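A short write-up of the structure that comes next.
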Amino acid sequence: MDYTKILNEISEELSNFNNPGKVASYIPELSKVDPSKFGVHLYCTSGTHHAFGDTQERFSIQSISKVFSLSIVMRLLGDDLWKRMDVEPSGNAYNSLFQLERENGIPRNPFINSGALVLADILVSEFDHPKDKLLNFVRNISGVPSIDFDEKVAQSEKHHGHRNAALANLMKSFGNIKNDISTLLDVYFYQCSIAMNCEELAKAFMVYANEGKILNNDEEILNPMKVQRINALMQTCGFYDEAGEFAFRVGLPGKSGVGGGIVAIHPEKYSVAVWSPKLNERGNSLLGMETLERLTTKTGLSIF
Amino acid sequence: MDYTKILNEISEELSNFNNPGKVASYIPELSKVDPSKFGVHLYCTSGTHHAFGDTQERFSIQSISKVFSLSIVMRLLGDDLWKRMDVEPSGNAYNSLFQLERENGIPRNPFINSGALVLADILVSEFDHPKDKLLNFVRNISGVPSIDFDEKVAQSEKHHGHRNAALANLMKSFGNIKNDISTLLDVYFYQCSIAMNCEELAKAFMVYANEGKILNNDEEILNPMKVQRINALMQTCGFYDEAGEFAFRVGLPGKSGVGGGIVAIHPEKYSVAVWSPKLNERGNSLLGMETLERLTTKTGLSIF
Amino acid sequence: MDYTKILNEISEELSNFNNPGKVASYIPELSKVDPSKFGVHLYCTSGTHHAFGDTQERFSIQSISKVFSLSIVMRLLGDDLWKRMDVEPSGNAYNSLFQLERENGIPRNPFINSGALVLADILVSEFDHPKDKLLNFVRNISGVPSIDFDEKVAQSEKHHGHRNAALANLMKSFGNIKNDISTLLDVYFYQCSIAMNCEELAKAFMVYANEGKILNNDEEILNPMKVQRINALMQTCGFYDEAGEFAFRVGLPGKSGVGGGIVAIHPEKYSVAVWSPKLNERGNSLLGMETLERLTTKTGLSIF
Amino acid sequence: MDYTKILNEISEELSNFNNPGKVASYIPELSKVDPSKFGVHLYCTSGTHHAFGDTQERFSIQSISKVFSLSIVMRLLGDDLWKRMDVEPSGNAYNSLFQLERENGIPRNPFINSGALVLADILVSEFDHPKDKLLNFVRNISGVPSIDFDEKVAQSEKHHGHRNAALANLMKSFGNIKNDISTLLDVYFYQCSIAMNCEELAKAFMVYANEGKILNNDEEILNPMKVQRINALMQTCGFYDEAGEFAFRVGLPGKSGVGGGIVAIHPEKYSVAVWSPKLNERGNSLLGMETLERLTTKTGLSIF
């Protein structure tokens, strides 16, 4: 498969794409990003890289970070984790309280906010320095030691985090949060603020395309069954209330963030990261989804 | 892969399985089935068959039939279909009215009852004899001309179909049903009553494992993109409110029915049908899910 | 209290009222009414009448009729009635399916559509000619033998009644409807089509202001406790999702209909009917509510 | 009306009442109360008092206090208050987040928790010492200067107040809370902890039965229209998800608290307070409702 050629075609086709999407504005820091940014980085299990556009500029990975915290927690805990959250798509907005209330404080899955807050709660319980743990994990699997939090974004999240505080308090009223709420919100807001570029994201997600191992050094981060399960979760729950659409149009497991990033993987083939800040109405990068749809259409290959 | 050996192992392991599930009882005809029935039939794209148990006895395929009606409609209509229904998991029970009301009569996906009723409405609009059309489609893709409706089950469905009548009326109040309600309910109830055995189901679903073509004669029933999309829909929406669990534990696109059948496919590898009438709390064959989980665990292969 | 003077003041004050409301349009027959119609008729327990405007022209009383069917059923049944419906405000639209589904087919109260459908079901069970029974009841308590159904409205309701059919089917699936659905819908649609003018409505509702007795002949239609309970239900549930607003602004038990009519009573003082077809966003006569608010403000008297 | 005789009858009839209710246990302090406590105090606008049982022992008035905070706020603000909350019954539990989320952070009415939290937010905005303001208001209208907060209850509320914190955070995310959340929660928890006995409650609520004036000294606390509106709100929203039932069975405006107290008023006739700690399934004093139903049945008088 000539990925360079395919990416070039996509780059050309989309060069005049009229994008009706809107940059996330719920926190001021995110709204300051240049909306015209656009980059794609594809990393093959064979070791080759293919890219175009703004692939070297870091952005706020936001919810993509939930895959990392889930991975750390799945390394620690066995099936006990699933007593505190489910593995089902939500059919509701990512920050909905309705379902969480009806289901007694048990989040639908680890990729909606409530689920990620429970993951943060577990990190606080298990580690003395949960934020360091997170950063070290990401630095290790990507092989990029300079990856860091964006302090301004983290502070901005904190000042506009009342919805997440509502979710955490509701879960605590049901007994599904163990630690002090401000402590776990702090971990959660920093986690969302991690800044990475497309190349770094593609490298980090190679673990999920490569049966749980870092490609360069064969270190096993997750065993194959755990990787398959994380990939299944990305497929069914990785795109807020648009997971079905992504499976339907793109056909790969993936995860999006409101910073405009999307990462997807084709098991045993490649990981790919795309960045374009304008979001569609359901909060996913509009051009990012378009790009990945063209990628799997042109290659004729999805996991389905 | 030695599928015969793997199936034998599974058969042995599960021979003393203590099954807490319950046979569907919402219609009297379904409750009469022998709860101990158990069969598996796996059909490889290489042409080989592997099976054990009650694979030659027909049962009511129920919601599995929705894949067939969707396929017929996708052959007819382009993307216009998706103006009348969405492709998202529902996060609610298969016959829930709540979401349908909130979303103005647009079903979440083609595999919940409301979606399937819209498919039936389209069949009524497009064909003079929609029930014949359905039967002929199934007979053709499976290569088994004797497949037929079960008249008793169809009548039983009709006498207990008020929930479906509520869904159809609600959608008609929103303008999303075009035909007379009793006409489309008739099609829908007969569709649910189709009786097939595991071997016949595995043969019919080979089309979805084989890029849209009948394996024996290479007739293209659906083009590859349409097959990938149907498979994606099965993955995200094929198990009522348990699609995430099935993706997580089994990792294959599939579809279940309250008659106790489950069919799953591994693209380019195999289709597999399993039948065990006792259902778990979410309405899926309990032993069927267990069987398929062991199958993908033993082979080490899922689509993820 | 000089009601004639008060009504004259209100008439004058509202003569140039700029009414942003909209005539009901969900059935064609209702949309044909002259939107400028406006009349008020107040009938005192002392026997005097006070009125202005279009009080002699009949209109479709619609949901006001639910008070009549409830009264007939409460004469027949004791507290058994309340096993089939509750007495609580709904907090949702009058035709919502959501709550009915969550609460297993038990309507919140007799004045939302689902509750009125259960009342119609009881009428069908208890009477050979339920429609005649209804008419005779209304003719008797109002003393006007010419009151009748409006055949065109009844037919129009039938052709646009899918939402009500959905409610009835949903309740039947829960076992809370005993008769054939088309039979009870027929009763319900005719009931809604009863045509009365303001004077006739004020006369009919005198029963609820006069401790259950017809003022002219002292015939006891309902005992005092049953009247108090019907009045309490009108107060808490008589205005769809606006019962609180009506209690807050007007402070009298009452019932509205989408034909633009509102009837209210002040126990032991008067009954009053107002008609103005333009509805506010919650489906109640906009000018009707304004009129009644001025009435209780000017008299300084509400039940509170 | 011989209220002493009527209360004696009720006392006798209920002396062997088998009470299946349960004392509130969500905070430890409340669960320590003696479940057999039972007292009634009725205070006539004529100035006479009638009572039996434990009417001199103070208990936690809990949600009854919401009537006081609403009164203070209605004295301050005009209709602007109603931009921040509605006046409709909720049809949901008192602490439900579902409706609040659907309706963009606007509470349904001032007597559910979310509404009372907005009232507390207003008190914090308007007064330097909002807790003192509350106490002084209650002391003034009841004429009992020793009424005070129960420090233990207030602390207990605080330690179990995550659900209320969730509500406040959700509203803050919609912009409907202006102050620091911990500050307003502090006011709210202290407000709930006010301890009063039946006689003191009956005295305080005389204001609502007496057209807004303190009976002893004619001081006007609220003008007649505001009192009528508060009474209307108590009628439609004063009993969580059981306001309809209370109107239906008792027929008086009133307010309950999970401490087992209920206060009701008959305008221009009397105020009455009853205390019995065992609650029914919807959180209202079971014996309290029974007592008040007998009171209005025996007198033959309700507001309806």
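Per-chain residue numbering starts at 1, and chain names A, B, C and D are given in the order in which the chains are listed.
One rule holds in what follows: a contact is a pair of C-beta atoms (placed from the backbone, for glycine too) under 8 Å apart; a residue touches a chain by one contact, two chains touch by 3 or more.
The structure displayed is predicted, hence computed values, not measured ones.
Asker: Spell out the chains that contact subunit A while also contacting subunit D.
Answerer: Chains that touch both subunit A and subunit D, as defined above, do not exist here.
Asker: Relative to subunit C, which chain has the most distant C-alpha mean position?
Answerer: Following the centroid criterion, the farthest chain would be A.
Asker: Find the geometric centre of each of subunit C and subunit D from their Cα atoms only, then give the gap between the two centres in Å, rounded to an integer.
Answerer: 32
Asker: Suppose each chain is reduced to the average of its Cα coordinates; what separation in Å results between subunit A and subunit C?
Answerer: 55
Asker: I need the residues of subunit A touching at least two other chains; which ones are they?
Answerer: Nothing qualifies.
Asker: Pick one for the touching-chains graph, please: line, ring, star, complete, other.
Answerer: Here the contact pattern is a ring, one closed loop where every chain has two partners.
Asker: Touching residues of subunit C toward subunit D in the complex: what are they?
Answerer: Residues of subunit C touching subunit D: 86-92, 99, 108-109, 224-225, 227-229, 231-233, 235-237, 241-245, 247-248, 251, 253, 267, 297, 300, 302-304.
Asker: Of all residues in subunit D, which touch subunit A in the complex?
Answerer: 96-98, 101-102, 162-163, 165-167, 169-170, 172-173, 181
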